[in-house]
Structure formats: C-alpha cells, structure tokens
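Here it is, the structure, as structure tokens.
Labels run A, B, C, D, E and F following the written order; every chain starts at residue 1.
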Amino acid sequence: MTQFTHFNAAGEAQMVDVGDKLPTRRVARAAGCIRMQPATLHMIAAGTHTKGDVLGVARIAAIMAAKRTAELVPLCHPLALTRVTIEFLIDTNAAQVHCQAQVETTGQTGVEIEALCAVQIGLLTIYDMCKAIDRGMIIDAVRLLEKAGGRSGHWQRAPD
Amino acid sequence: MTQFTHFNAAGEAQMVDVGDKLPTRRVARAAGCIRMQPATLHMIAAGTHTKGDVLGVARIAAIMAAKRTAELVPLCHPLALTRVTIEFLIDTNAAQVHCQAQVETTGQTGVEIEALCAVQIGLLTIYDMCKAIDRGMIIDAVRLLEKAGGRSGHWQRAPD
Amino acid sequence: MTQFTHFNAAGEAQMVDVGDKLPTRRVARAAGCIRMQPATLHMIAAGTHTKGDVLGVARIAAIMAAKRTAELVPLCHPLALTRVTIEFLIDTNAAQVHCQAQVETTGQTGVEIEALCAVQIGLLTIYDMCKAIDRGMIIDAVRLLEKAGGRSGHWQRAPD
Amino acid sequence: MTQFTHFNAAGEAQMVDVGDKLPTRRVARAAGCIRMQPATLHMIAAGTHTKGDVLGVARIAAIMAAKRTAELVPLCHPLALTRVTIEFLIDTNAAQVHCQAQVETTGQTGVEIEALCAVQIGLLTIYDMCKAIDRGMIIDAVRLLEKAGGRSGHWQRAPD
Amino acid sequence: MTQFTHFNAAGEAQMVDVGDKLPTRRVARAAGCIRMQPATLHMIAAGTHTKGDVLGVARIAAIMAAKRTAELVPLCHPLALTRVTIEFLIDTNAAQVHCQAQVETTGQTGVEIEALCAVQIGLLTIYDMCKAIDRGMIIDAVRLLEKAGGRSGHWQRAPD
Amino acid sequence: MTQFTHFNAAGEAQMVDVGDKLPTRRVARAAGCIRMQPATLHMIAAGTHTKGDVLGVARIAAIMAAKRTAELVPLCHPLALTRVTIEFLIDTNAAQVHCQAQVETTGQTGVEIEALCAVQIGLLTIYDMCKAIDRGMIIDAVRLLEKAGGRSGHWQRAPD
C-alpha cells in the first residue's frame, strides 16, 4: 500500500533516510505565474527595460530562496545547489508574469522543493513591490514541470 | 502619476522609509490552495484524524515562515508579529486543500507579505510531504483576502 | 479548565495573540549546568585564565542564540532584546560548569524561552569544544530561575 | 598531553581542519528529558492522541534545529544531514517526557552536536507550549547515547 | 577611565543593557569603495545601463544584509529597520565603485553597524560577480560618515 | 570576449552551473585591517592579554560569518567548509589591527568569498565593540591574498 514516506509506522514525522542513495546529478524545473491588472504589468514591463527593475529584484530573491529551502520546509534535506536559474516572461495578453526556475545539484535527494520555493518567493517579491498599486494580484499555477536524476528517474508534466 | 514606491527617482531599489508612519494595529488575511489527485487528498484527510498529520506539520512550517518573511523578500520591512494563525480546509469535492493565514502586528507597515508567505510555505510543505505519491500537485490562487490598519486603511477582496 | 494557550479550540497550533498586551519591561533568568570528568573541568578552568578560552566562546554562542530563539521555537514571538548577559561558574567540587543567562526586553511577551535557549546553546558549545576528550558530558537542570514583567507578574523558583 | 582541538597553539579558537578525513557514514543518538508536574504531563498525553499535539510540534522543531546546528554552535562544521528521527516517550510514573534523536550523514565529521541540539530544541519547545501552566519544568540529562563512524569509531554510553 | 561597554567588570562579553534608553529616531550613513582594474570598472559601467546589472544585484544584497546584521555581529542589538537606501557611484578616474548606505530606525540603539554591514556586503557582492575577471580587487575605506539620534547625539566625520 | 559569468546572454543574473566541475581541495586566504586611534588600539591590546577580549569575540564572529556567506552574497554557491582559521595581528606603529582568514573546503567552487566575508565581519565586530570610544575607525584593504584549487589553479597576490 502507498504510504507517506515522511512518517514512520507510528505516524510520526521524520526526515527520511537518504543515506543509502547514491549521489546523482539532479535537475528540477518548476513554474508559476502572478496575475495582475494590465496597468501593473505595463509598469513592470517598462521598468525592466529602463529603470525600476522589479523582475531583477525578484530574480535575486528567487535565487536566494532556493538556497534556504531546507530552513523553511521542515522535512526537506539540506543540499549544496550547483546551479539556479530564474526566467521571467511577461505575458501582456493574459496580464501575467510567468516565472520558471531551474535548480541543479549532485546529491542524494532531488531539488523539486528548491525549484518550487524559488518560484514562490520570486513571485511574492513581485507582489511586494507592486502591492501599493495593485493589492489584488494572484499567484497561480505553481507547479513542477520536470525532474531528472535519482531512483524515481525522469518525470515530466503532461501538456495541459 | 502612479509609481513604484520601492524605487527611487533613479530607478534604484530601496527599502522605503516608514519612519514617519505611526505604529498601528495591522491585520492581514491571505489564502491559497493546493490541487491534487483525490487519492492523495484522501491520504491527507485520513492522517489528520489519526496519524501521519501532514497538515499539522504544514501549519508549523507556515507559522515559522511568517516570522522569517523579511529575510526572504528583499525590500520587506522586519516586523515583530503579535499573532499568526493558520487554517487548513480539506475540500473533497474539488480535491484541494485550502490554506488561510491571519497575521497581526502593531507596527509601521502592514503584514500582507507575511500572510502570503505563510500560505506559500504551508502549501509547499504539503507538496513536499506528498510528492513521492503525487508529483503533479499545483499550488493555486495565493492571494490577499483582507487587510486592515495603516494609512491605506481597510481593503477587502471583492467576491469572485 | 486549564488549557494550552498554543492551541485553538480545534486543537490546532497557533502563535497566540499578544496584540492586546501592553509592552512592559520583561526580565528572565535561566540556568543549567554541564557535568564532566574532573580532568575536563581542569582543562576548561586552565584555559579561562590563560589561553584556549572555552567559556569565552560559549558565552558568545549563548548571546547569539538568545537573539535567534524565535527562529527555532515554532510558536515563540519574535522580540527585540535589550540586554543579554551570560555567567559561567566553575564548580570544581561537583565537576560541573554552571551557566546562568539573564535576558531583558520591553515587549508584549516574556523572554523566558530566550533565556533558556541561551543557556542550552552555551552549554552545548562547551560540549562541542570538549567532546574530543570527554564524550560523556551531561547537560542538566536547564530551568527558569525567575521572571518579571507582564500580566502573570513576578515568578521565582522555590529554593531546592 | 591531551589538548583542546578547537584552539591552536596560541590558544585561539578555530574551526578545525577536517579536510584530510575521509567521508564516512556517521550516526549519532542523543537523549534528554523534561520533568514536569503530573497534571502537565497528563495534558500533553491527552493532546497527543486527540488534539493539541504538543509533541508533534516539538518533533518538527527538533528536526529543523538539527539542520541549523552549525549556525548556532560557533566551531561546528556544516553538514548535509541524510536522516533525522525524533522519538518522544511519555513516562507517567516519573512525570517526564523523554526525547531521543538520531541523526545521520555521510561526511568528514560526526553529528553528535546535531543530535544534542535537536534534543535541546525539542524539549525547549515542550517547555514553551506548556509554560503558561507549569513554569517550573526542568530539562535534564541531555547527553550522547552512541556514535558511530569516523576515525574515533564507535562509542556507546555505559549503562547507568 | 574610558572602558569598553561590551564587557562587564570581570571582562566578560555582554549584550549591553539599552532598556532604559528612550526610543528615538536613529540615522546612520556609512560608505566604502572597491578598487579594481579599469577594464573591470568599464564592464560594470556598461552593464548598469543595459544588461548584466552588477550594481543592481549588489544593492539588493546590501539591503538584505542590513536586516541581518544582528545575526552576524555577536553583541549587536536586533532592530526593526524603517529605511535602507544604497547608492553606488562609479568613479572612472580612480577605477573604483563607491558605495554609500543610509539606514534608519526608531529604537533604543543606533544603526551604525547595520549601515557598515550593508556597505561591506554590497561591495563583497561586486567582488563575487567580478572575481573571475579581476581577482585582485580591494575593498577599502569602509567607514561611518554620520550618525544622528540617541544619547550620544550627532556625529559627523571630519572632512579628509 | 571576457564576460561576467554571473549573467546569461540576456544579462540576467544566475547562480552559475558548477555541476560539471570536479570537487577539489580549495583554499583561500584573505586579509584586511581596521585603523583606529592609538588609545583604542592600546585598549584592545590590553584586553587581549587579560580581560575584555575584543579579538576573541571578533574571531568567533568571523568564523561564524564564513559559514553563512552563501546566505548573504546572492550568487554564491553554498559549500560545507572543512576549515576556518582567523588570525589577528596588532600593529602598534600603524595603529591598526590586521585580520587574516584562511578557509578550506573540498568542493566544486572556491572559498574566496567566504574568506573575505570572514575578514569583513571580524573587523566589523571590532568596530562594534569599540565604537563607543572611537567612532572614526576605518576598515581598509580587504583583499584576497591567495587561492588554490579548482580549474583556475593557484593565484597569489603580487607583493605591494
């Protein structure tokens, strides 16, 4: 029967044993978006090219958050990340900013949570910087796109 | 003309001056959800009442994340929170777990970002604990519901 | 009936609301000790006066830990401490080092946990620095001695 | 002559060189307890099985503390832990809660300090959650039980 | 006789008592620079206006470091900052980048250390981003320019 | 053409990929100094030998800062350090304290930033402890002295 690995037989939380896993190259890609008013998006887009670079600040926040994931998520194993890249895409039609994070390591566990955490904090930073003009923004569709490495192998999200 | 407060006239990021604001009682409520397979939700629901309490772990992660928001979001002011409550609601029909956070302080800036951060990390912790059985879960609709206190006064999200 | 304040009526953990409490001057004193082999104590005592100052390092660790208590203890309110002092006492007869911490703030909650955390990490640092020569050391009797300030008023531990 | 490894010949503190050690599998088990009034223990025991799960919260705090040990203890080497488990045992006769932590890694130094830190913060969290009803609780007997791995090999505490 | 306030009469370090000080508005301005090869400076200058914004990243690092100063400097009091601004100035003639930080709070102690810490980490981030092309860069002249507020009043560095 | 490795082709900051690098033994030595009034230096020198050990506190701060560098410098890779040593030298003639840090690891990236960060925070701690008597102290000449290991090999600063 399928069971949560993060609990022992008594139902108590634990940081599961990964000591017997071989260190392998791990990659995870996650994505998400923040929906806003068109005027807000316009301001972000304008700043990116000249001054007031909201996405530049959010990118740094996202990268730094990836490194601190294991401090925030209780049962997450600490890992020395070897690469973090963050991409933002301004979608004028949908009045959204998309964020995609790619995180890599060579280790005994995967980096899915690190990639998702980077996306979340990147989008939250956009919210923080724009909240004075658009308090109703919504962070949506934060999800894993792909992972590779480790015993469970390659996983890719099915197209919508 | 409306402008981002987090940039100066030269377009450089700054932690804005709130030194002239009066400390007032601040409240923020934020919410979000995580969508999953019905079988995953069933396992979470079963654990909550007996053993393997995913939501109990996620609640602690959410509360702790609220306290560390200013370390993660670059231009966010540090604040001594006076209250953090987290509620989870299992929605069997929609195969979702809803999360709602309420954060309070008496201070010179609001606690919206703290409430949103708590929701995000609470939901990410659920993802972490269930990912081995359902890698496709999606975190959705992370948004502010209401805020009170401060110069900008009361704000409430319009009903959908 | 007496109840845990850190849980709501549904039994869910929360960071309790202290927003209605008045900020008052708060003081807490905590203590504890570490028991060891006489030879280990002798080495610590020798270093304190000349070189290899174990207690000097432990004192710094204790002070710094007091400041980070709210990051470690999930439901503990963050507080801006106004004073932290740490005293060590070498008890040659009992082959122990005693540690006492005094922590103060002006705030809406007490600083008992901060004082206890300082004692714990101070003693743990002694353990760390001496473990290569005495792995069997025992940290004992970590307890609150006294607290003052706040609604619950003054409390003092009864003499043994 | 035996000397503290954490000081150089001039008596100055240092994070000692472990670069020449081989990474080996490391395990440490530590334990401790918190003594309280029987009524307090009764409330903890009641909550564990129904709602108001003090030990569930303390377990999460203990696991998270293990991961942050090197930030707290000045000369402790940072390590990527591969496993952390925490067990609580309610001892009604003695009016105590016992805590035991097991921590593992594959690395160049041991994880004794991480295991002791987990025990300390787990017990401190119990104190925090029960302090409103029992300020006199005492944390006792925090000690290493066993360690394995590394040049110094296997060590086990002699029975009392 | 003048004495260090951070030590007690026995010469033991302490976080000094500021509990009797009145909270006042505090401002500190600090500055420093990083010297480099003209070609390195040219690349930084080019990036600032188009893409590859080294100073934008360094500014965020500096702001975030200001908030975490009390975690790094052992006897520094934690403070809730109300404003942090960072300015960089490219000095082509001297082949230097100057950094200036202004930090403010309303509190019982000053923010000089926070301003200096922001300058240091801002300049270190420039070093990090340019080190692959210019390992010999030197961080120089990190100093307080001015402080206001508190019992010791206004202080301003004499002109060179 | 030489380019910043910390930006991609679009000029966006990234934590660069070191996943293909072999883990090698890495060493970095950095140095810096703090200039002060002769009377301040005299007090520091007096304390070092008897009581009020400013340099002892600063040494601990420097070691701890080395471990947290990757939290502070946005694009810096996290690394498990295997050794950190800090040396202070009192230069009475020049009224300066010199600080030198040596940091080592076995990893995929170097530890230059960690060594520089240790020097910076060590010197800042001296400033903090002496600021009440000498606000005009200046931190100077923070620089890399030498690095070894990794693809770029050995580098040593040319004599002045």
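FYI, a contact is a pair of C-beta atoms (placed from the backbone, for glycine too) under 8 Å apart; a residue touches a chain by one contact, two chains touch by 3 or more.
What you see is a predicted model; the values in this text were computed from it and never measured.
Q: Where the contacts of chain C and chain E overlap, which chains show up?
A: Common neighbours, chain C/chain E: B, F.
Q: Farthest chain from chain A, going by mean C-alpha coordinates, please.
A: Relative to chain A, the chain with the farthest C-alpha centre is C.
Q: Taking each chain's centre as the mean of its C-alpha atoms, give the chain farthest from chain B.
A: The most remote chain is F.
Q: Return the chain pair with more inter-chain C-beta contacts, choosing between D-F and A-B.
A: When A-B is set beside D-F, the one with more contacts is A-B.
Q: Tell me which of C-F, B-C or C-E has the interface of B-D again, with more than half the contact pairs shared?
A: The chain pair with the recurring interface is C-F.
Q: Do the two copies chain B and chain E share over half of their interface residue numbers, or under half; same or different?
A: On the two sides of the chain E and chain B interface, the residue numbers are mostly different, under half being shared.
Q: Could you state the distance in Å from the CA-based centre of chain E to that of chain F?
A: That pair's centroid distance is 16 Å.
Q: Could you please state the distance in Å, as a whole number, between where the Cα atoms of chain A are centred and where those of chain D are centred?
A: Distance between chain centres: 31 Å.
Q: Which residues does chain A have that touch at least 2 chains other than itself?
A: Correct list: 12-13, 53, 56-57, 60-61, 64, 68, 71, 74-75, 80.
Q: Please list each pair of chains that are touching.
A: Result for touching pairs of chains: A-B, A-D, A-E, A-F, B-C, B-D, B-E, C-D, C-E, C-F, D-F, E-F.
Q: What part of chain E is in contact with chain C in the complex they form?
A: Against chain C, chain E makes touches at 8, 12-19, 70-71, 74-75, 77-80, 107-108.
Q: Taking the complex as given, what residues does chain F use to touch chain D?
A: 25, 56, 59-60, 63-64, 66-68, 80-87, 104-106
Q: Sort out for me which residues of chain D touch chain B in the complex.
A: Checking each residue of chain D against chain B gives 53, 56-57, 60-61, 64.
Q: Residue numbers of chain D touching chain C in their complex, please.
A: Within the complex, chain D contacts chain C at residues 2-7, 10-13, 32, 39, 43, 47, 50-54, 57, 60-61, 64-65, 68, 71-76, 112-113, 116-117, 120-121, 124-125, 127-133, 135-144, 147, 152, 155, 157-158.
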